Amino acid sequence: MTDISANHTGLQGTSSDVVAAGLPRRNRKQSLVKTFGILAIGFAFLMLFILVGSLVLTGYKAFTQTHVTLDVFIDPEAVPADKLPRGGFNDVLASALISHFSDVDMTSRTEVRAATKILSNGAQFALRDQVVANPGLIGQTVTLTVPVSDTYDQLNKDLIDRDTPEQNRLLSNAEIARFDILKDAGMITKPLNTGLITNADSRFPELAGLRGALVGSFWALLVCFVISFPLGIGSAIYLEEFAPKNKISDFIEVNINNLAAVPSVVFGLLALAVFIGWFGMPRSAPIVGGMTLALMTMPTIIIATRAALKAVPPSIREAAMGVGASQQQVVFHHVLPLAMPGILTGTIIGLAQALGETAPLLLIGMNAFITSAPDSPFQAATALPTQIFIWADSPERGFVSRTSAAILVLLAFLITMNAIAIFLRNKFERKW
Amino acid sequence: MTSFAFVILAVAAVLGYSLNWQAAAAIRSGGARLHSLTGYHGSYALLMVLVPVFVVILLWIALQGSVVSMLTMRGLPAGTTDGLDDGAVQLILAEIRSLAAGRVFGTPEPWKLKAAENYVTLDRTFSILLLVVVVLLSAALIWVSRRRVSAAFRARQGVERIVSGLMIFCSLVAIFTTVGIIASLVFETSKFLSMVPLTEFLFGTNWEPQIPIRADQVAAVGAFGWVPVFMGTMLITVVALVVAVPVGLMSAIYLNEFAPRAVRAVAKPVLEVLAGVPTVVYGFFAVLVVAPFIRTWGQAIGLDVSPNTALAAGGVMGIMLIPFISSFADDALSAVPRSLRDGALALGATRAETMLNVLFPAAIPGIVGGVLLAVSRAIGETMIVVMAAGLMAKMTFNPLDSVTTVTVQIVTLLIGDTSFDNPKTLAAFALGMMLFLVTLVINVFALRIVRKYREIYD
Amino acid sequence: MNDMRPLERMVNTDNIKISARNCHVFYGDTQAIKDVNVDIEDHTVTAFIGPSGCGKSTFLRCLNRMNDTIDICRVKGTFLIDGADIYDKSVDPVQLRAKVGMVFQKPNPFPKSIYDNVAYGPKIHGMARTKAELDEIVERSLRRGAIWNEVKDRLHAPGTGLSGGQQQRLCIARAVATNPEVLLMDEPCSALDPIATAQVEELIDELRAQFTVVIVTHSMQQAARVSQKTAFFHLGNLVEFGETGQIFTSPQDPRTESYITGRIG
Amino acid sequence: METHMTQEPHIARVFDRDLEAVQAIIMKMGGLVEDAILGASEALTARDEELAAKVRKNDAQIDALEDQVNTEAARVLALRAPAAGDLRTVLTVMKISANLERIGDYAKNMGKRTGVLAQMPAVDGTDGSLRRMAKAVQLMLKDVLDAYISRDAELAEDVRQRDREVDQMYNAIFREYLTHMLEDPRNITPCMHLHFIAKNIERMGDHVTSIAEQVIYLVTGEFPDEDRPKEDSTSFAGVDGTP
Amino acid sequence: MNDMRPLERMVNTDNIKISARNCHVFYGDTQAIKDVNVDIEDHTVTAFIGPSGCGKSTFLRCLNRMNDTIDICRVKGTFLIDGADIYDKSVDPVQLRAKVGMVFQKPNPFPKSIYDNVAYGPKIHGMARTKAELDEIVERSLRRGAIWNEVKDRLHAPGTGLSGGQQQRLCIARAVATNPEVLLMDEPCSALDPIATAQVEELIDELRAQFTVVIVTHSMQQAARVSQKTAFFHLGNLVEFGETGQIFTSPQDPRTESYITGRIG
Amino acid sequence: METHMTQEPHIARVFDRDLEAVQAIIMKMGGLVEDAILGASEALTARDEELAAKVRKNDAQIDALEDQVNTEAARVLALRAPAAGDLRTVLTVMKISANLERIGDYAKNMGKRTGVLAQMPAVDGTDGSLRRMAKAVQLMLKDVLDAYISRDAELAEDVRQRDREVDQMYNAIFREYLTHMLEDPRNITPCMHLHFIAKNIERMGDHVTSIAEQVIYLVTGEFPDEDRPKEDSTSFAGVDGTP
């Protein structure tokens, strides 16, 4: 013993020195690692910043829409009361507009058409709806506020640079001049673009809105929730709490984990082949979209539910079993209530994913051009993400900002859902 | 009508519950000791009614349409459908249906009108029949369950058996889904392979599904080789991983060990936001910002940059995968017991050493699993590439070139109206099959790693 | 000292509560319990001791069929409680567990109020018709658990908010609430500090006036302190079973001696 | 040092009951031993063979109780692993019971010799001293048991000091008997027995002193510093009975 | 018995290794340690005992500054090891921890080979120049950990594959490998069964020939068995500190007596 | 019943060392006590006052060792909570040391009386019996200590039986001395002392017997069934020295 401790004291001095000698090098290495970490986080932040920034920059303008206010005399000749809802609403509008322009020849059809391009294509329908609702307006002058067409909207939002040479510009000098006349007359306004939410889709950017997509997404999510939530929870409970641990339950488990990682486009193929091809369900319908999304969401819910169930300590189960609760009483009285926050969090996150899912919906045709909101999940519809995809693909310049705006709307929904999930998780988080 | 059936079902279920509950309560107040609580007697009746009747209603609804149609078609005057092919018959049926729904276009033949009338009556009859069946069945079931009530009746076991059955059914849905995926893919793929030889598909280096196919030419030889498509997929995947893996891992390491609490409190949710952004948004981002940026920069330094570079698509996909990898790695690192960290620190390791020598190696299996899952996601990712990658299949390793991917091809081949009989459509399924197989292999492998790893610390 | 007459030990040897005959337990192919025969007396604390993995817990869990929940576990032999075979097909394990209460290693109160913790068992077994009856059961059980005075003013506070020792006594009160005849305890104090342990041990001593208590413990000292009978298990065998004082002063089997004197290496 | 004895009960009350039970045996033994001393001295004075026989018979009970104390003490040691004050209690109890048993034995021996003495002529004026001595020892024993119960170290110390007096009484008696023997050879045999009886009583005193020391140890955790008072000088007594 | 001379207890009272003066520790606003003064001797096993939450672990972790890793923990007072203040600004905690080894409650071997577990400390501190030197350190440490014979044939098997008691001895070997002068142990046996506990206790007894050992334990029996000096903490105060035999036969403070005889209620 | 003694070491070897240490003290005491017996008997035979004084002086050492045994035993009980065989070892050690201490005391007492006897006329033919008796007791002590070391219950039982012989020797001596005293009153004082010495040796034998019983208990866990052999019948000895 004595010689060992002698040896020990001998080493003492040296080992201390050795440790001290190595320290500066080791501390440098530590700073290096830290720096790399900060850079990585910074990069992720930067990307998020650019992503959101670019969306906001391009998208915020879509939240307003340039309108023109016209006093329209509804000429009974052009709009005969007995022919409603048909009638020359376009002509009435044209004359009301052109009355402000001195340089337009009312007789030249091409010139008139060129001049009325200021107005959105939807203006005549807005007028029509008003007159049909109240035929008494015929023969009177109506003050009408209608959107301007996309190009002029862009002009008004300074997206068209007046300094670019005329041949490179979408609008000629004359067209700009006419717009300026209206603007100077105070007829041009730029109110909040409620149409973005309340209108359905349209070929014309100034009229296009998300109503159809929102309603479509709502139906699809509803279907998705109604199917996936009970199935997912039931399945998870069975697998986690009841299934005997054998090859079959193992296989089901692998299968579910794999389903969660199967590319979404494959689910689209499944839906296309099975739901539409074999079962003959309607194309483009939220019911099919919802079912597809349900199949995709279910593994997420199952996995989240199982994790939540697993997180309930076995001691709770033993405790309940020990006082004579049956296995189902154990689960439904104790385990499930304790796991519920986790399950809900997982479900919301699953639904949020479903809300953003695009590819399978493309394959089942939920990217159709549909100008009215569906009344039931069986009617053809689009969904928010497919709407974004459609708009992103549209050549009209106005759709660029609308796409961004639509994305911002979608993100708003997602962030809300995630916030709820995070809130739930934090509120009910349990330390066992 | 059908909603009425559901209402009847609901009423019957509640009725059954209260009848049994009261019967059980009566026995109990008679002084006998019940085997099961009164609530279980009630629930037993409830489930006994609810489950079978609900199934009957669903089946009825599912079958009613086709049965009615079949009967209607049978009722057509003899000879009307003779000599017509399947499609034509379907067309007639569709017309009759729309007549029945009151949508009259033009002037239909009188036999069609009659058939439509017939259709309506049949439909109504069946609906009423459904109600009758629901009422009778419910009543019978209520009666049966009510008779079983007794002190010794093991209502709890009965309820639990039914609930177990329901839960087993739920678990099987996942299997059905996989079976559905495989069945549909295999079925359509086999049709495709009857038109294009397997070897061509697997080893062909030319992918040009767009070439017109003449009626007499079943398949265009050499046009359906998936190799270039696959290579494009791999190229984009590699680019994505090159971005995502280092950034994701380093952020996880930083957040897990070094970040002050405040930073962690902000960074975690931000990364979660990044993870929650739908891919279509990333696709748009790639088109709107990243692709032009790369093009401008590439041209500025004199490179030949195509508009739809693999770099843009891959890079954005990489950004998408950062939070995926970082959260996987963070979880894996957090799963390493705190005691190991304390153990290393107590030996005099610096925090960096603790992380790099102890925690990280301990978490490696979990991290590898995560990275593999990221690979699988990259391969299967659709929207980013649909929007940002090219359509032309090209054999290249140049990330500044434009390539196409499996998913892009699937989507472009299937978008728009399609019928299931031309190889162009079916090729999408064949690609889907390959995609499924490749990701399946990766997933199973990755999941096994992850699972094994979890077992170590559980 | 041949006159090993105990003081303070009212063992009533002719009152067998639990009787196990030729019991074997297997996990898959490995045998955890080998031909164990034991008679456990009523109103007695019986301790199971032995090295880790010797099968104490396994044997204990046979007594309320908690082993049923383990798929690969197979039980052979006869287990009689009051002369009735508990592995008989007509026996509902759920009802058996109401009769044979169990207390676990880690205090595991439900994350509910103290009241609900205790009331749960009586509720699912339909033991109380009215709220007043339930209240009474809860109070009686908490008193038996020697924790009534500490919690009577906060019956609706969560049970998880109690200290470890209080939680364990709450768990005992919960087990007692279903009016069991036997109380099984698997290392009930191993998660407690010495003071809480002493309190629970004291409670166990009080409980034997009303219950048959069987306790598994790693701590020989604890077995010595709380039990009247001790069973020493070794490699799945019951090596020695006898009066605790006898076992700790003059064990009959050299393996027992080695173990309790700290010699098994 | 009174602080050493915490009067709170143990959390495990069964431990308290065990300790009390084993101490109760001690008290019972103490009672029996006191009776034995008194009985023996009375029997001697009265030459009452019956009483002497009873004293002899009762010793078996004392011995049984000592066994019981040992068994129970071993049991408490094995089962409860007592420490500090509790450990001292158990150890003390064992020592005290051993002492009591010895005292009982001496009383029994007195009883035996009384039987013999009854058949011999009385030696005048000897019994009074023996009785006084026995009474003194019995009082010491009573006091030391009181001291034990009340954990009174001072009283124990007092008892310890009183042993000196017993020793002096013994010295006196030793010389007295020697004188008697030298005076009349017929006295030799009875005086031998009386001699042994006196020695027995003296030894009883020593054992009581030893008990007193145990009590002091129990209370203070330490044994009294000075050597125990020993005034039996007869081993050095010369021909004339003086040391 | 006034002559309390110990056998087998080679305490060298004039060799103070660690000295704490007027130490206070706070977690936020709550004070966990109150004005503790203690001198810990070299080549001695010192045990800290006391009821749960009395600050034993907190005080122990002050000695190698593991408390630095807890944000809200504040330490006041002077801690000297070999006369040098370990909270001095010039002291790098990394270096300190190489000198003051620590063993934890639950055995925590790194999920690496047995060899790598032990070699890790010496490696990061650059204590071995060559593989041969490292091999030697590893062997010596495993021998000191009394586990060499059990693992010498499987040095490259994972350390996590060992039994609990072996793992704990491996952790001790690992701590010893950096040639510390002090070994801190926080309830090193509480996760072990009695046999493994006895083995580790035996090892601790051997270690004191070369190290200053400080051990926190919940088990008074363990303190009694392994230590030469015992410190009794109560509510953050050091109530009594002295020779273990003395504390367990004749403690000076009534609170100590109450605690070790099981009377604090 | 040999099985009861497991010879494996404890996992905590320090426990073994503690037990050994305390038993080593016993062995040391045993040696000293043997020496004391031999010394005392030799001093008596040779009327060697110096040797007698040495015996008296050495007793202090034995007493100190007994204290040490008690201290260490208490320590082992407090620190190691021994059970079963270990507990019996500790308890036995305490009892044995008490017995040895008493034997030592008796030897010391012999030494004291030897000093007195040296100054008196010798009583013929008495010393031989005493020496033989002392020798017998010393041999018994030696054997019982061997029995203790080797945990040999049979040898202990043998020792126990041999006490009978010692008692018979004592009875013979008692009668012899009585005769001497009756023969010649000058013999009375020395014979009184010799008498006491004989009684001391007889008591030594009893204490050795008690040690033998402890050894049996240690090995078997039980005390020998039959009552201890008691053949000292002198308490019943009548006028003529016969019982």
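By letter and in written order, the chains are A, B, C, D, E and F; residue numbering begins at 1 in each of them.
Keep this in mind: a residue touches a chain if its C-beta (ideal position, glycine included) is under 8 Å from a C-beta of that chain, and two chains touch if they have at least 3 such contacts.
Please read all numbers here as calculations on a predicted model, not as lab measurements.
Undergrad: Suppose you hop from subunit B to any chain it touches, then on again the same way; how many hops at least until you reach subunit E?
TA: 1
Undergrad: Spelling it out: a chain qualifies if it touches subunit C and also touches subunit D; which chains qualify?
TA: Touching subunit C as well as subunit D, we find E, F.
Undergrad: Tell me, please, which chain's centre (mean of its C-alpha atoms) is farthest from the centre of subunit D?
TA: Looking at centroid distances, A is the chain farthest away.
Undergrad: When subunit C touches subunit E, do the two copies use mostly the same residue numbers, with over half shared, or different ones?
TA: Same, since most residue numbers here occur in both copies.
Undergrad: Could you put a whole-Å number on the gap between the CA centroids of subunit B and subunit D?
TA: 95
Undergrad: So what's the Cα centroid distance for subunit C and subunit E, whole Å?
TA: 35
Undergrad: How many angstrom lie between the CA centroids of subunit D and subunit E, rounded to a whole number?
TA: About 51 Å, centre to centre.
Undergrad: Centre to centre, by mean C-alpha position, how many angstrom separate subunit A and subunit B?
TA: 19
Undergrad: Two or more other chains touching the same residue: where does that happen in subunit A?
TA: 19, 26, 326-327
Undergrad: Can you tell me which residues of subunit E touch two or more of the remaining chains?
TA: 1, 94-95, 98-99, 124-125, 178, 195, 198-199, 220-221, 224, 248-249, 262, 264-265 - these are the residues of subunit E that touch more than one other chain.
Undergrad: Could you list the positions in subunit D whose residues touch two or more of the other chains?
TA: Expected reply: 10-12, 15, 67, 70, 74, 78, 81-84, 87-88, 223.
Undergrad: Take each protein chain as a node, join two nodes whenever their chains touch, and name the resulting shape: line, ring, star, complete or other.
TA: Drawn as a graph, the chains match no named shape, so other.
Undergrad: State which pairs of chains touch, listing all of them.
TA: Chain-chain contacts present: A-B, A-C, A-E, B-C, B-E, C-D, C-E, C-F, D-E, D-F, E-F.
Undergrad: With touch defined as at the start, can you tell me which subunit E residues reach subunit C in the complex?
TA: 51-52, 193-196, 198-199, 218-221, 262, 264-265
Undergrad: Please name which positions on subunit C make contact with subunit A in the complex.
TA: 64, 66, 69, 71, 94-99, 101-104, 106, 108-111, 120-121, 124-125, 171, 174-175, 177-178
Undergrad: Considering the complex alone, what residue numbers of subunit A touch subunit B?
TA: Answer in residue numbers: 19, 26-27, 29-30, 32-34, 36-41, 43-45, 47-48, 50-51, 54-55, 58, 230-235, 237-239, 242-243, 252, 254-259, 261-270, 272-274, 277-278, 295, 298-299, 302, 326-328, 349, 352-353, 355-359, 362-363, 367, 385, 388-389, 392-393, 400, 403-404, 407, 410-411, 414-415, 418, 422.
Undergrad: Which bits of subunit F are touching subunit C when the two form their complex?
TA: 3-4, 6, 8-12, 15, 81-88, 217, 221-223, 225
Undergrad: Subunit C touches which residues of subunit D in the complex?
TA: Of all residues in subunit D, those touching subunit C are 10-15, 17-18, 21-22, 64, 67-68, 70-72, 74-75, 78-81.
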